[in-house]
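Down below are the structures I want you to see.
Next come two complexes, and both contain chain A; in the first it sits with chain B, in the second with chain C.
Coming up: the complex of A and B.
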C-alpha cells in the first residue's frame, strides 16, 4: 500500500460526486460497501416504509435516505440520498480524537485508523452530522473510510464502482465540482431550489452532493458547523489548561528554591506579628 | 454565660487536648471521619487523574500499558469514579450524623463566607508562598487560601462527577449536554490538577505550612502553630476549653484536660 502511495505522481484532493437527480434508490451502494469492507448485514424490522435503515450502525457505513416530499402541485416526490461520512475539511472528529486515530489523508479525505482507535466515543458524540458510530463490543468507532485501500491502489471506491445510474462518481475534486456545476446549470430550470452541497460547507467536503431541493428535505443541515463546544474544548480549555498547569509547576519550583533557607526568618516575623494579638485575646478570654 | 456563642462561631468542636508535643497543648483540627474522607479522596483522585491522563492524549499510551491496556485503564477510571463519588456521599453523611447534623450548615458557612481578613490573606499570600515576609491578619480555622482551595475542590469534584456520569452514558442525555460535558470535564480536571500540586507543595515542601500536615494524619495541630496561623480559631478553642473546665470544676468532677 505504502509503495503505491509513494509512487503516485502528485496527490490531488479526491471527491465523490453524488447526483441525487440520478439516484433511483436501488441501494446497490449499500451492498457494495458491505461487500468490500466485509461488513455483516444489519437485519432491520419492517417499519412501514421503504426506509428500513434509519441510522448508521457499526456495520453500516452508508445507506440511502428515502425522503417522501409533497410538492406544491399536490404530487409526492421521492428524494433519495446516499448518506455516509462527509469527509469534512473542518472535521470535528479529527479535532477531538485523543489518540490521533482519525486524520486527513493526502487525498483530503478523513481516515479512521482502527488500530489506534480506543473506542472513547469522542468522535461519535461530536460529529456534525452524527455519522460515526461506536462498536461497543470491539471498542472501536466506525465510519466510511472513502475506501482508502482502493483509492491508493488506483481504484474507485466500492459505491462509485457499483452505481448503475452514474449517480455516484469518483475523481479529482476539481473535476467533480466541474461536473456538479454543469449538472446544476442543466437542472436549474426544472428544479429552482437545486444546489451544490459540500463545495464550501465545513471547508469543503469529500462528498459533493447535487441536491434537487433544499438540504433539510434531504436530511442535511443548511449551515453545518463544528459544534462550538468542540472549539471551546480544543482551542481554549485544553491550551489554557496546559499553560496553567505549566505555570503552576514553574511557580512551585521557584517557591521551593526561594523558600528554602528562609524558614527561621519568616517564622519569627509571623510570630511577632500575631503574637501580641493572640495574647491580648487570651487575656480577654480568661476574663470572660 | 456566652458559652454557646463561643462554641459555634468557629467550626466543629474546637477543643484543646493534652499532647505529646514538646511545648504543650494541641488542638483537635480534624476528626477521624474528616481524615478518612480526605485520604480516601487522595487515593481515588490520583487513580482518576492517572487513568484519565492515559485517555487524554496519545502520550497516555505509556500510562495505559502500566494498567494493562487502554480498555482496562478506562475500566479502572470508572471504578475509581464510583469509589470517589460513593465515598463522598457516605463519608459526608457519616460525618454529618456524627455531629448530629448540627454543624453542616455552620461548617459550609465557615467555608464559603469570606471576611475582610480572608481577603487580606489572599492579597498577601503570593509573598508568603514564595517565602518572603508578609503581614497577614489573623485567620480562622481556615485561612483565605484554604477556603479558596476547599471551594474549588468541592465544586470541581461536583463538576467532574456530574460531567463524568454524562460522558459514561451519553445516550441517556441530550447531545448538547454531552458535548458541553467534554470541555467542562477537562477544565475541571486542569483546575483540580493545578490545585493538588499547590496543595501538595504547601503540605509537604513549604518550610512553614508543612508543619500542619500532622493535623490530617493524627488529627491534632500544635497550639503554637494554631496561635500563629489560625489565631481566631485558636482563641475560640482555648476559650471553649476554659469554659468547659470551669463547668466541670463547678460540677465537682475531675478533669482530664
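Coming up: the complex of A and C.
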C-alpha cells in the first residue's frame, strides 16, 4: 500500500478479511458496530426484503447486503456481504478533503476526524463506492473508521469481534491476504467465479473480500475507479492552483469540480436498488 | 431439508425443499433407500439394535393402522407391540435377519411402501434432489463414516412430531450413526436452556431426571406401588428406587423418613385421565376451570397457538402474575387491539425480572453440558431473578401457613428449603442439592452410583449426580483442551450423565471392543488396563468417559450391549409410541391433500379439541400451506428483542414470504400489505415476494406454500400482528406440542 503515510516505526498495514462463503447474514456485525460507536437505531419501514437498510446513513456505518441470485439451473442463491467503507489506498475522499480531516492511518486504513471535518461534502460526492454520508445536523461526514480506537488498544474491530461464523477476521493485511488465497484455492472447484476483491482494487483496500461469485452479484463494481473529477483535481487543478491561484479561486474550482454546491446531498434513489421482486436488497456499492 | 430456503440453506451444499408436515415420508424414503440398496451398517444393526428380535404374532399393519386400534377412544391397546418370547422367557432372535417376523423384516416391509416416487409425490421434493440426498446421507452407513441429524421446532411442532424424531433415530441406527463422533440425533432447542428445564422435570408428568410423577391411581397409592410400576426388571433403570428416594429426600429433607415412605404422600398426584400440557391448560382456562396463572419469561399471548383463543382464555382468569423483562403482550393482554379492558376483570401483577446477564446460575445445552454463568451486572431498579422471586414467594407463603396443623398443608410445611434464611437465595446450595450428598456426613457425592434408596442420600436430580463433587462445582470448569481431537472437551463444564459427551459410546466399538474404525474411535477395551489388585482385568478406555460399566469386558454377560438404559441392552428400531412401533406418514391436521399412503389422513391418536374458537380449515377455502418460523434477529415472543432498538430496526414488522407465482396469481406486489387468513383468524403483514419459495407438486397438484415469523405483537418497538392467531389448537399424539409448522391459509392483498 504505497499511499500509507506512515509516521510510526514499522506499523504493519491491517485489514479485515470478509469471507462471504461463511456469512450467514445474521447481522450481528451491524449491531456490534452501532453498539461500539454509540450509534442510535435508524428505523426504516419494511421494504420487501430481509435487508432493511437500503443505504448508509449517519447512524449506519455498515450493513449486510442480501442479494438473491438465480443460477443457470433455475435454483436460487442468497448472497450476503457486509458492506462499509472499503478503506482504499487510492481513496478519493482523502484526496478531496480540503481540511485533511480524512486521512490514512499508520495501519493503512482511512480515518475520518470529526473534529477537523467542516461538512463540505466533497468526500460524500466523490466516494468510489458511495459510502460516506453527511450528517446534516452535525454537519460532519460519517463512515466506518475501522474502529481505530480499538485497533490502537490492541483489540480487533467490533464487527470482527462479534462475528460468530468466522466470516469477518482482522489482522495484518499480509496475513489476511494469505488466508483469502488459501480459502480461494479451496473454494475454486465449487465456485468457479470465486475471487478476491480488494487486493489490487484502488491500490489495495483495508477490507478484503472473498467473493463466491462475480462482484456485481454482491453489489460491487467490477473495476472500481476514482472519479475523473477527483483525478483532475488531484493531478491538475490543485497543483496548479496552489502555485498560481488564490485560495478563493481554488475553492470555487473545487466546488465546481467536486460538487460542494450540492451541499453533499447524494441522489439516494440512484444507489438504492428497486428493492422489489426477487432480487432482495438490490442496492450496490457504486458511485452513481 | 426445509420448506423454507433460509439463511442456513444458503450455506448448504444441497438444499431439499419439502412440504411442511411430510418429514416421515422423507425420512421413511431414506430408510427404504438404505435397506433396498444394502447401505445400512449390518454388523451394527444385527448386534446393537433389536433388528434380529422376533415380534409377537399379533402385530400387524394395514392401511395406515397398526393392530389394536379403538376408533372410539382413538387409542391403541399396544398389546402385541412386543417381542415374541421363547420358552426361556427371553426374546426370540434371528441374527440372519431372514425370519419374516424379525424387526428387520417388518421394518423393511413397512418402509418398502416409501418408494422415491411415492415420497416425492407427498413431499414435493424433486426426484433428482431427493436421490442426491439419499445417496449422500446413506453413504454414512460405512464404519468409517458418520452423519448427524440436527433438528429443531420444524421437526417437533407437528401432530406427528414425536414420530418425526423417531424416524431420525431409526435411520441413524440403520447407518450406525449413534454413539460415534459426528453422529447422533441432535435437538437444536428453541431456547438456550430448554434442555435444562426438561432435565429438571418441568413437564407436568415428570420428576427431575426423567422419572414419572405419580398419577392418582390405586397402583400408585404408595411408594412401593410406584417403584414396582416404574422400575424395569433389567437395564440401568433397575437403579430407579435409589434415584427416586434420593429425589424425595431432596424434596422433604428430614421429614422424609422410611416410616412415611420418604414423604411420597406429599407429592402432588395428577389426574391420570387428564393432560396438563400447554394446549390443555389453555382449554381449561378458556372453560373457566383455572383461576390464576404464573408466566415466568413466557409470552403466551404471542407464542401460544390459536392466539385469539388463548387471549380470550386469559380474560377469564382472576389473576395473572408475569415475571419478565418488559411489559409483554401477556402482561398487556387486557389492552390488546380489539379488547374491552372494562369488561376484563383479571388482576395483573407484573414482576420485573433480571436478564440472564444480571443473575447467576447454569444453563444446559442440547449436548447436555451444564455450564455455569456468572452475573455480569446488577439488574436495574427492582428487577430480581426468577429464583429470587420464587424463593421469597416460598418464604412468605410458608410464613402464612406456619401455624397450620392441617394435613393438606403438610407438603408445604415439610418442604425442604435449605437455600438460606434471608432474602437472597443461595444458588450454590441448590446446585449441591441437585448433585447430591450423604445425609450422615454432609459430604458431596462424586457420582449417582453413590445414591441409595434407604434415605441416607439426597439427590435432587440423579442424572446430574457428581456435578458438584467435594472439590467444587464442575459446571464452572473451563479447561479448553480437547485431548482426543473429537470435540469431547472433558474439562469444560459438566455433561450428564457422569461427564459423558457421546451417549452410548460403547457402540463405537465392535463386539470385541475394538473401534469399528480408527477415524471414528471413541472408547475401546484395553485388556491390560485396570488394577489387578482390585480384580480389574482390562478396562474400557478412550477419548470420552465410557457410557458403560468400565470393567465389564466384551466377553462378559451384557458386554456387547451398548444401550444400557434399555432392558434388552440394544437400541429399538421397533419401539412403542402412542401411534405404533414404526413412524407412519399422516397428513397434518389441515392438509391440501389426502394421504396417498393410506386412507387414514390424520394421525389416528391425535386429540381433537372440539371446543369453540378452534375451527378446522379445508383446502377448498384455504388452499395454501403455511408454516411459521423464527428469525435470528428476534427471540421467541419477542419480549427480549422487540424492545431493543438495534434489533427492532433489523426486523421491524411482520411479513409473509410468498413465491412470485402466488404473488402474480393474487396481484400482490412486493412490500404490499396483505391479509393472511386461516379458519381461526386473520393477520395483516407485509408481502415479501421471493424466489426462495416455490409451489410444489403434491400428489399431482401444484400447491403454494408460504411462511411467516411469529415473533411480533402489539407491545415494544418492533410491532406487528400475532402470527399465532392463525395456528390451530391441536398437538402431537404423544406430547401435545402444538402443530405450529403446517396448516392451511389463504392470502389476499390489501389496497
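Convention: the second predicted complex is superposed on the first by the 231 of 288 C-alpha atoms of A that agree within 3 Å, B and C clash if a C-alpha of one lies under 4 Å from a C-alpha of the other, contacts with A are read in each partner's own complex, and residues count from 1 in each chain.
To be clear about the criterion, a contact is a pair of C-beta atoms (placed from the backbone, for glycine too) under 8 Å apart; a residue touches a chain by one contact, two chains touch by 3 or more.
Values in this document were obtained by computation on a predicted structure and should not be read as measured data.
Look at A:185: by the touch rule set out above, it reaches neither chain B nor chain C.
In the superposed model, A:45 lies in contact with chain C only, and not with chain B.
Contacts of A:250 after superposition on the shared chain: neither chain B nor chain C is touched.
Of the two partners chain B and chain C, more residues of chain A are touched by B.
In the superposition on chain A, no contact is made by A:225 with either chain B or chain C. Once chain A of one complex is fitted onto chain A of the other, the partner contacts of A:114 are absent, as it touches neither chain B nor chain C. Once the two complexes are overlaid on the shared chain, A:153 sits clear of chain B and of chain C alike.
Contact with neither chain B nor chain C is seen for A:138 once the two complexes are overlaid on the shared chain. Chain A uses residues 275, 277-278 to touch chain B in one structure and chain C in the other.
Chain A meets chain B in the complex at residues 96, 98-100, 118-122, 124-126, 130, 139, 227, 229-230, 232-233, 236-238, 240-242, 244-245, 248-249, 251-252, 254-256, 258-260, 262-263, 265-267, 269-271, 273-275, 277-278, 281-282, 285-286, 288. Interface residues of chain A, counted against chain C in their complex, comprise 21-22, 24-27, 30-31, 34-35, 40-50, 52, 68, 70, 75-80, 275-278, 280. The touching residues of chain B, counted against chain A in their complex, run 2, 55-58, 60-61, 70-71, 74, 128-136, 138, 170, 175-176, 178-180, 182-183, 186-187, 189-191, 193-194, 197-198, 201, 205-208, 227-229, 231, 234-235, 238-239, 242. For chain C in complex with chain A, the touching residues are 5, 7-11, 15, 632-633, 645-653, 655, 660, 669-671, 686-692, 717.
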